[in-house]
Every structure is written in C-alpha cells, then in structure tokens.
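Given below, in the form of structure tokens, are the structures.
Paired with chain B in one complex and with chain C in the other, chain A is shared by the two complexes that follow.
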Partner chain A sequence: MNAKRIDKIATGVLYAVAAFVVIILIALLGYILIQGVPHISWHFLTSPALAFEAGGGIGIQLFNSFYLLFLALLISLPISLGAGIYLNEYAPQNTLTGLIRTTIEILSSLPSVVVGLFGYLFFVVQFKLGFSILSGAFALTVFNLPILTRSIEDALANISDNQREAGYALGLSRWETVTKIVVPAALPSIITGVVLSAGRIFGEAAALIYTAGQSAPALDFGNWNPFDISSPLSPLRPAETLAVHIWKINSEGIMPDAKAVSAGASAVLIIAVLLFNFLARWLGKRLYKHLTAE
Partner chain B sequence: MDKIRESLLKKSVASKIERRGKAISLLCLALIVGIVFLIFYFVASRGLATFFQNHINVWQFFSGTQWNPGTTGTNGQPAVGALPMIVGSFLITILSALIATPFAIGTAVFMTEISPRRGARILRPVTELLVGIPSVVYGFIGLQVVVPFVRNTFGGSGYGILSGTFVLFVMILPTVTSMTADALNAVPRYYREASLALGATRWQTIYKVVLRAAVPGMLTAVVFGMARAFGEALAVQMVIGNATLLPHNLVSPAATLTSILTMGIGNTVMGSLQNNALWSLAMILLLMSLFFNLVIRYIGRKGKLSHER
Partner chain C sequence: MADNSMMTDQRNIMKFDPKDHEIALSTEDLHVYYGKSEALSEGDLQFERYKITALIGPSGSGKSTYLRSLNRMNDRIANVTGKIMYRGLDINSNDIDVYEMRRHIGMVFQRPNPFAKSIYENIAFALRQRGVNNKQELDEIVEQSLRQAAMWDQVKDDLNKSALALSGGQQQRLCIARAIAIKPDILLLDEPASALDPVSTSQIEDTLLELKQNYTIIIVTHNMQQASRISDYTAFFNLGKVLEYSETGDIFTNPQVDLTNDYISGNFG
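Moving on, here comes the complex of A and B:
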C-alpha cells in the first residue's frame, strides 16, 4: 500500500520534472524563433552590417561563416580521414595507441576558448597570418579534428570484417581494401559525421574571436580574385562570422537595433544548425539506400 | 628468366602504395597528436612566464584578490590575484551542475523508464538538437531574458553569478540529460525484470536497481557537463558582469577565468605582465580540463570493474 503510493508520487514528480524541462526547452527554441524570424528578410540576409545606425544586415557575416566552414572542413576532413583510417585499420592494440586515443580525447574536451587562444598565439602571432580567414580556418580545424576523427573511426569500425576479408581474398593490399572497399562502405556514416560537425563549427565563436577577428570589412562581390584583399575569397582578410557578430554587438555594440539584429542572427544560426541536423540524417539514409541497393 | 627474378625481388607496386598509404595516415594521426602537444607547450610557456619571468609569487597569484595587472596592489606587488576569477568559475560550474543534475536525471528516467515511446519520439530529438545550439545564442537569450528576470526578482544589476548559473544550467541540461539517458539505457533489461519479478514497484525498481547500476554513467555525464560549464566562455561572459571582485553575493557582478580571458587578451601587449597573467589563467583552464578528463576516465574504469564483479 505504502510502496504503491510512493510509486504514484514518484511517477507524478517525474512527469512534472520532464514537463518542466520540456517547457524550458520549447520556450528556448520558441523564444529565438518568435523573436528572430520576423526580422529575417532578403535585405537582412544580404546587406552588410551597420555599426552606428539601425537597419543593417548580416550579409557579409553569413558569407564569412559559410566560407570559414568550407575551408575548415576542407582542411580537417583529409587529416581526420587519414587519422581515422590509421587508428581503426593499422594501429596495433597497445599502450601507445591507447595514449594516442587519450590525447585525441583531451583535445576534444579542451574549452574552445583555449583552442582560440592557441590559434591566436600560433597562427596569428607566430606565423604572422594576422586576424584572417586562414587563421580562423586553422583554429576551427584544431577544434574539429578530434570530433571528426572519432566519428570517422567509429564509422570505419562499424564495417564488418567480412568486407575486409573479401578484399584480401581478391589480392588487394590493406590500403587498397581500405580506400576501395571500407571507406566507400562507411561513406554514409562518414558524411553524417561531417555534416553534424559542420553544424558545430557553424555556431562556434570563442575559437574565432582572436583568430578570424572581429571585423567584417566591406567586400566587393564582383571581384573573385582570391589574392585581392577586398575579394570575398581572399583568405587573408579578417572575417567576423555570424556567431562572433552576435557576441560582438551584444557585449560592446553601439548599434541601436542590436537586439533585433541579434535576434534575427540567432534565428538564422538556429535554423542553419537545424538544417545541418536534418541534412545529416537525410543524406545518411539516402546514401545508405543508394549504396546498398535496398 | 631474369625478368621474373627481378620482379620477384623488387617491391610490387601494390606494396609501395600500401606503404605510402600507411605512412600518410600515420602522418595525419601524428599531426593531431603534435597539435595537442603544441597547445600545451605554447599555453604553458606563456602561462609560466608570469612566475618565472615576472617573478610573481605562485601563492600570491592563486590567493590574491586584486586583479589589475600593470598597477601595483596594496602590498606593493603587481596586482595579479586570480582568486576572484577562480572562485567565480568554480561557483558557476558547481551551482549549475547542482541545479542541472536532478532535472537531467528526472528527465532521463522519464525518457527511458516511464514513457520510452514519447521519450524516443519527442524528448530525444529535442535534447539532441539543443546540444547543438551555439553558445552565443544562449548568451543572447541570457542577456534578454535571464538578466532582466534576475534583476526584477532578486535585485541588483542582474549581471552576476546567478545569471551565469541559470544560463549554464540550460546549456548543460541537454548534454547531461542525453548522456544520462544513454547510461540508463545501458542497464541490462533483466535487472529491471528481476526487480519487478520480486514484486518491486516501478519506482522501487528505478530507485533501487536502475539508478544504482547506472551511477558511473551518470557521474560521467555530470562531470562532462561540469567540464563544459567550466570552459564555456562567451555565454557566461555576456551575463556575468565581468567585475574582477570576489563575489560577496550571487547577484553582484563577478568574473570567470574564461570571461576575463575573452575580454582581455586582445587589449594587452604580447610579453607584458598583463598578457602573461592572462595566459596563466588560460593555463589554469587547460589544467582543469585535463583534470575533468582524468576524472571521467577514472569513473569509467571504476564503473567497468563494478559491473564485471
């Protein structure tokens, strides 16, 4: 009798706790979308930011975010693919490998501000790259490498050994088996991992403040020569991203409509992250179907 | 005849490709490991300069309460007391973990034990999505919602430890919840069946069996959340007020290691005491993240042992 009543009370409490958390989470998402979405317009998404007047957009910041994301993935994907392949296919099971795994885990748990500071010290100051897209892309690479390596390693580990044995039986070398059989088979989960990490990179700000810089100089979108400093493609120009922009105008902004702009920008960020999430799931499923002929 | 002999003695193309491929992939791995060591080397070399080059007393650095590098404090020494930031960081980390843990465990239990269907369909995707929300967005909402709320309810300016705690609570809640749910899901089904077969109610099963079996996993989740809270920079910096004073209550402006770092590093000259002192703060962050990592590994090892026994 008593135990039953306690059970009822506990169940009620658990319902209440779960409901409370759901309300917080939904209120959070709802707040951002309700505050931000009305502010999103074509003008807002394409025009440059204004520092002292209302009515500015986030065009350059949005472009910078995507460009940085692209560069960071371009650098980090091959490296983490190689590292993932070595860890899963070649590395012997010994203390050294364990130590290497620990090191990668430590890297993935470093606060992103520390990664940013390292980027500042190493790329901006030591290599004299200045506050630039390139420094930012390298910092994001450092930030992304451990996560991507981990997900690629997991993806490879999920491929059954039958596939590898089939490769060896055909007289392929280990490397050929990996590149021709295992990696293609793992491609759906690798791509899912890449897109998910893209969502993380897209919203990262702390690692970029002191590497990609906090200013977004005007860009000449007619000039696609990457060596020209006013070209959008120039890797040596400072580039404030969307996330950094939100931080900047809120912490030291003099912009009169900072609240509206950050609400709009936050909504854009959230929608982008949402899209990356759905894209990851959809692409993974689609590719899996395509490759397995199901 | 000679041709065959030659081809047998020489390395085949395939084996050359094999060696090259292996070398390339090893190189990639070495690069990542190298980066980690570089990070530690660079941050440590700068951070230790405060003590070796500028001859700041280590004890004074960790116990001093005045932070204004470049000026001298009341004792005639440069004012580099990091205690206010250290206290601030630990306070918001511990407080937010304290608030988040019961909610996270409650939600995770609901997700896995009470209503697995709704848990899998609604709660799971929503929490996983919230893990991915950028921290500046949390900071912005903190600034727009939490700070005015704290100001109107508890008085003061609204900026301070309490606002930081609330923001971090919401930030780490999804992480801790989804990791706790994983831990609960990993408890074998027959534990529950055995308990129910003995006549235990659902709550007794949850409380006496499932939660206890999942303790290592839940601890890992909480420590993971704490590590995230400790290293979080921008969201906290936006709501904490950034006053390097020892917090005497929860609603007065305070500072954390990360917030002072983000504010200061761009305004100081490389190699100066002001700059080196900031790097020392970064070093503390690095060491704490290492510490959290060790704790997680320790819990993991212990947890494995207790299951095997």
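Moving on, here comes the complex of A and C:
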C-alpha cells in the first residue's frame, strides 16, 4: 500500500470515529429532549413537586439548583482565584508546589459520591449543619475547587510573559502586574472556565444526596429573610436540587406521572447545562473580542 | 575621509563641554550567572547622558543579558553580582526599591507587548497606578507621549480602540510612548526594531534620535547599519565580554580589535 492510500484510509477511519461520537451525543440529547420537552410548561417550571398525585412541578428544585450553584461559586471562586494566582504567579518551582499540584489533581479525580459522603460526615454530622443548603454548597465547593483552580491556573499560564515584563518595566509591582494586567487579560478564559464549571455543579447529584438532602420543603417566596427557615434564601433548610430530584423520582417516585416528571426534569437539566456551555463560549469570545479589537 | 574629520571635530567639542560627559549610568565589576554558567564576565561600561549607546555583538554574546540586568529585569532568572551605579546609588543592592528604580530606567522589548487594553489605557494605566488621576493631566501626558513617539496623528481619533488592533510597528511605538510617559531618565531598548519592517524601523530610529534630547538611550541591536546610523557610542560584546567600546564612528571605521572588525564586516555572528 502506498502512503496516499494509507492516508485515505486513516482519514476515513477518523471521520467514522468522530461521526460515531457525534451520533451518540445527538441520539442521547435527542431522546431526552423528545421525551421531556412536551412536558415542560410554565406550570411545570414553577409549581412545587407533588409526592402522590399527578401534575407536580419542579419549581422549588429548580430554584434550589440555582441557589446552590450561586453559593458554591460564591465560596469556590475566590479560593480558586487565589490558589490559581498563587500557583501560577508566585509559587516557586519546588517539591512543595509539586505536592500541591499533585494534591489538586487527585482531588479533581475524586468520585463525586465520595465527596458527598465526606460532606455528610464532615459538614452534616461533625459541624452539625444538618441536611442543608450550606452543607451542599460546601460539598460542591470541595467538588469544584480543584477543577476551577486548575482552569484558572491554565488561563493565567496562557498569558505571555512579555505582558508581565511590560508591567515590571513600568515600575509596577508583581501584585499590580498580576491583578491589573495578567488577570484582566486572562479574564475571557477564566470566565469560560467558571461557566463550564457552573454547568458541572448544576448537574451534580451524588455530592448533594447526603449533604443538601433529598427533600424540598415548601418555600414562602414572599419571605426573603435569610434567617427564617421557610425563606427561599435560608441556608440552613434542606434543599433537593433538580439533579437529585431526577434520581429520587427514578428510584422511589410513587406519583402516577413519575415518568413524565422525570423526563421533563431531565430535559430542563440538559437544556440548562447546554445553555451554560453556549454561554461560556459566547462570553469568552465576546470578551476576547472586546479586549483585542474595537 | 571627510566623515572622519567631522568625527574628530565632534570629539573635540565634547571635550570642551563637561556637561556632555555627565555619566548617567555605569557598571562596575558586573557578572551575570544563569545557574552555574556565567553569561557575562567583563562588561563594565559607562553611559553618557543624552547619548545613544548601542550594544552590538553576535547572538549569545551577553549584550541582552547585560541590558536586562541594568534595570534588574533578570532578578528572578539570573544571579547578578557587582555594582550598577545610578546617581551615586548602587541600584544592584538589595536595599533598592526595584519598582521605584524602574520608573527611572524604563525598557522597551524586542517583541511589541502592548497590554490588552485601549491605546489610551496602555499609557494612562501605569500613571494612574502611581496616583495621577486628574483626567486633564492624563490626557496631556497621553498626547505628549504619543507625539514624542511620532504616532499621535495616526491614532488620536482611535484612543479608545484596543492596542492589539494596531500594526506591529505602531504597537512598538506605543510601547515606546508608554515607557516615556512615566518620564524615566534612561531608556533601555532590547532590539526594538528586529521584529519590524524597514519602514517602521526607520520611523523608530527617527523617534529615538528625537528622544535623545531628553533621554539617555541604551539599545541592543543586531543591525550594524542601525547602530552606525543612530548611536553615539558602540560597545562590541563577544562571549560575555566587552571587547571594544568607543565612539560609534571609530568602531565602524577604525576598530582596534580584529574580532570587532570581523563582526562589523559580517564575517561572523
């Protein structure tokens, strides 16, 4: 066989493999969307779940998912940013830094159910936070920190050293150079990383089952006092999220329309995660354009 | 040899004006080590005020290493021993506030490195960090710096556009404008035109000749013609040593060292 022929065959095989992956993805997404989208309505998105009758919604679960996501990012973003900046800009290249990097890599490959059990023992039991939003947010932070730190570190590492030199040559300190030049220049990819991690958090179930809990008590959406247990903002109330709800219905749901609710909720979850992904690309591109040209 | 006699004249005139011999910067017993290998062993030069001094030599001769040591850009990657004297101070000492020192000794790099900010912000940013917040004052400095870098007329209507949208030559001139906006004494340039086309190069050379009136300029260049066109003094580096240092006219017409002659006539390097 000559080189040209081999090249043709290899190209064909690669096309086939790529097409196979795309087809699986489209089939999966298509199946979930076709099954679920007909069930999505304003009523379904806003009303509370019903345990024994048909016609329940996912309103509280949806709110819980976003609230937990918000809290988890609120806690993990500053820590990840600090850790990422330290690792890329300040840390000397020695064994200790290597150890920190290895630890982060191990943490990022931890199965989320292990994170959930750790969260249960540590936050729920040891710190007596109970099944609560706060326990869930901390568990999600543990889950999210290593990945976000890594993506922020990579974003900073992609900024050329000549930008740092430009800052130093103007008499700026390392801190000024990092915060005012390097981080802003890396902002598009940092934001992309944050939004992508938001998608992962949003779809996470295993880390939350034993931390944020599996029940979604009724909420009083007129009460915004975070210290009141019936307020949607209360961080100490148990909060079943959308992903946990889907797991729950499929394992022990006894409502007559369990299948439909599960399909609808799955479709909403997938759509939300897809939106996060598109948002990440769009925001990153837009910010990059904004920074590099008029 | 009409040129040569003119050089001699100039030298004589300089001798009669003590001001012209003011030393802006000098190094004493400077050594630079990367790890264990010594990148610079003999490089003690004195730089005259308001003159352009060119550092020439083959790749790896230590000229860029030397230049980057002058405002301590090598601090984190190399070990620099010896003295760098500036206004009676040894700025290579640990007690020196390097950030403050670099505001007196600015630098322009080989590759244009504007910030991912607007043209205006590229210049105003460092000033604001040092407490210049008056809008009018900032506007004035931005305009003045861009004029000095000979690019005001081209960009005055686009000050809010991203600097990354400029051409390479314009980016490099913006970097020069940015460096002089903080009003340093001395400007170090590390092959500032090597990544540019001939037209941009000659524009940058014109700019440097203008700037010479107010700044002491030290420039590393690979380009012999450039060194002879714009510099007053030339130092020839080879293998981490300064082999010859004198007036540019002398170096190019009557080099004392054979190696210098070989290099400027293009026999190696």
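We adopt the following convention: the second predicted complex is superposed on the first by the 269 of 294 C-alpha atoms of A that agree within 3 Å, B and C clash if a C-alpha of one lies under 4 Å from a C-alpha of the other, contacts with A are read in each partner's own complex, and residues count from 1 in each chain.
Operating definition for what follows: a contact is a pair of C-beta atoms (placed from the backbone, for glycine too) under 8 Å apart; a residue touches a chain by one contact, two chains touch by 3 or more.
Everything quoted here is computed from the prediction, not taken from an experiment.
So in the superposed three-chain picture, is A:Q163 touching just chain B, just chain C, both, or none of them (first/second/both/neither)?
second
Have a look at where A:S80 lands relative to chain B and chain C in the superposition and call it first, second, both or neither.
Only chain B is touched by A:S80; chain C is not.
Determine, under the contact definition given at the top, whether A:S173 touches first (chain B), second (chain C), both, or neither.
both
Now for A:P184: first (chain B), second (chain C), both, or neither, which partner does it touch?
So A:P184 only meets chain C here.
Is A:S251 touching anything from chain B or chain C once the two structures are fitted on A? First, second, both or neither.
first
Answer with first, second, both or neither: which of chain B and chain C does A:G203 touch in the superposed model?
Only chain B is touched by A:G203; chain C is not.
Look at A:L219 in the shared chain and tell me whether it touches chain B only, chain C only, both, or neither; answer first, second, both or neither.
A:L219 sits against neither chain B nor chain C.
After superposition on the shared chain, which partner residues are touched by A:I133: those of chain B (first), chain C (second), both, or neither?
neither
Taking the contacts chain A makes with chain B in one complex and with chain C in the other, which residues are shared?
172-173, 176
In the complex formed with chain A, which residues of chain B make contact?
14-15, 17-18, 20-22, 24-29, 31-33, 35-36, 38-39, 42-43, 46, 102-103, 106-107, 109-111, 114-115, 122-123, 126-130, 132-137, 139-141, 143-145, 170, 173-174, 177, 200-204, 206-207, 227, 230-234, 237-238, 258, 261-262, 265-266, 270, 279, 282, 285-286, 289-290, 292-293, 297
State the interface residues of chain C toward chain A in the complex, per the touch definition above.
For chain C paired with chain A, touching residues are 71, 73, 99-103, 106-109, 111, 113-117, 125-126, 129-130, 158, 160-162, 164-165, 175, 178-179, 182.
Would you mind writing out the residues of chain A in touch with chain B in their complex?
3-4, 6-7, 10-11, 13-15, 17-18, 20-22, 24-26, 28-29, 31-32, 35, 78-83, 85-87, 89-91, 100, 102-107, 109-115, 117-118, 120-122, 125, 142, 145-146, 149, 172-176, 178-179, 196, 199-200, 202-206, 209-210, 243-244, 246-247, 250-251, 259, 262-263, 266, 269-270, 273-274, 276-277
With touch defined as at the start, can you tell me which chain A residues reach chain C in the complex?
Touching chain C: residues 160, 162-163, 165-166, 168-173, 176, 180-181, 184-185, 291-294 of chain A.
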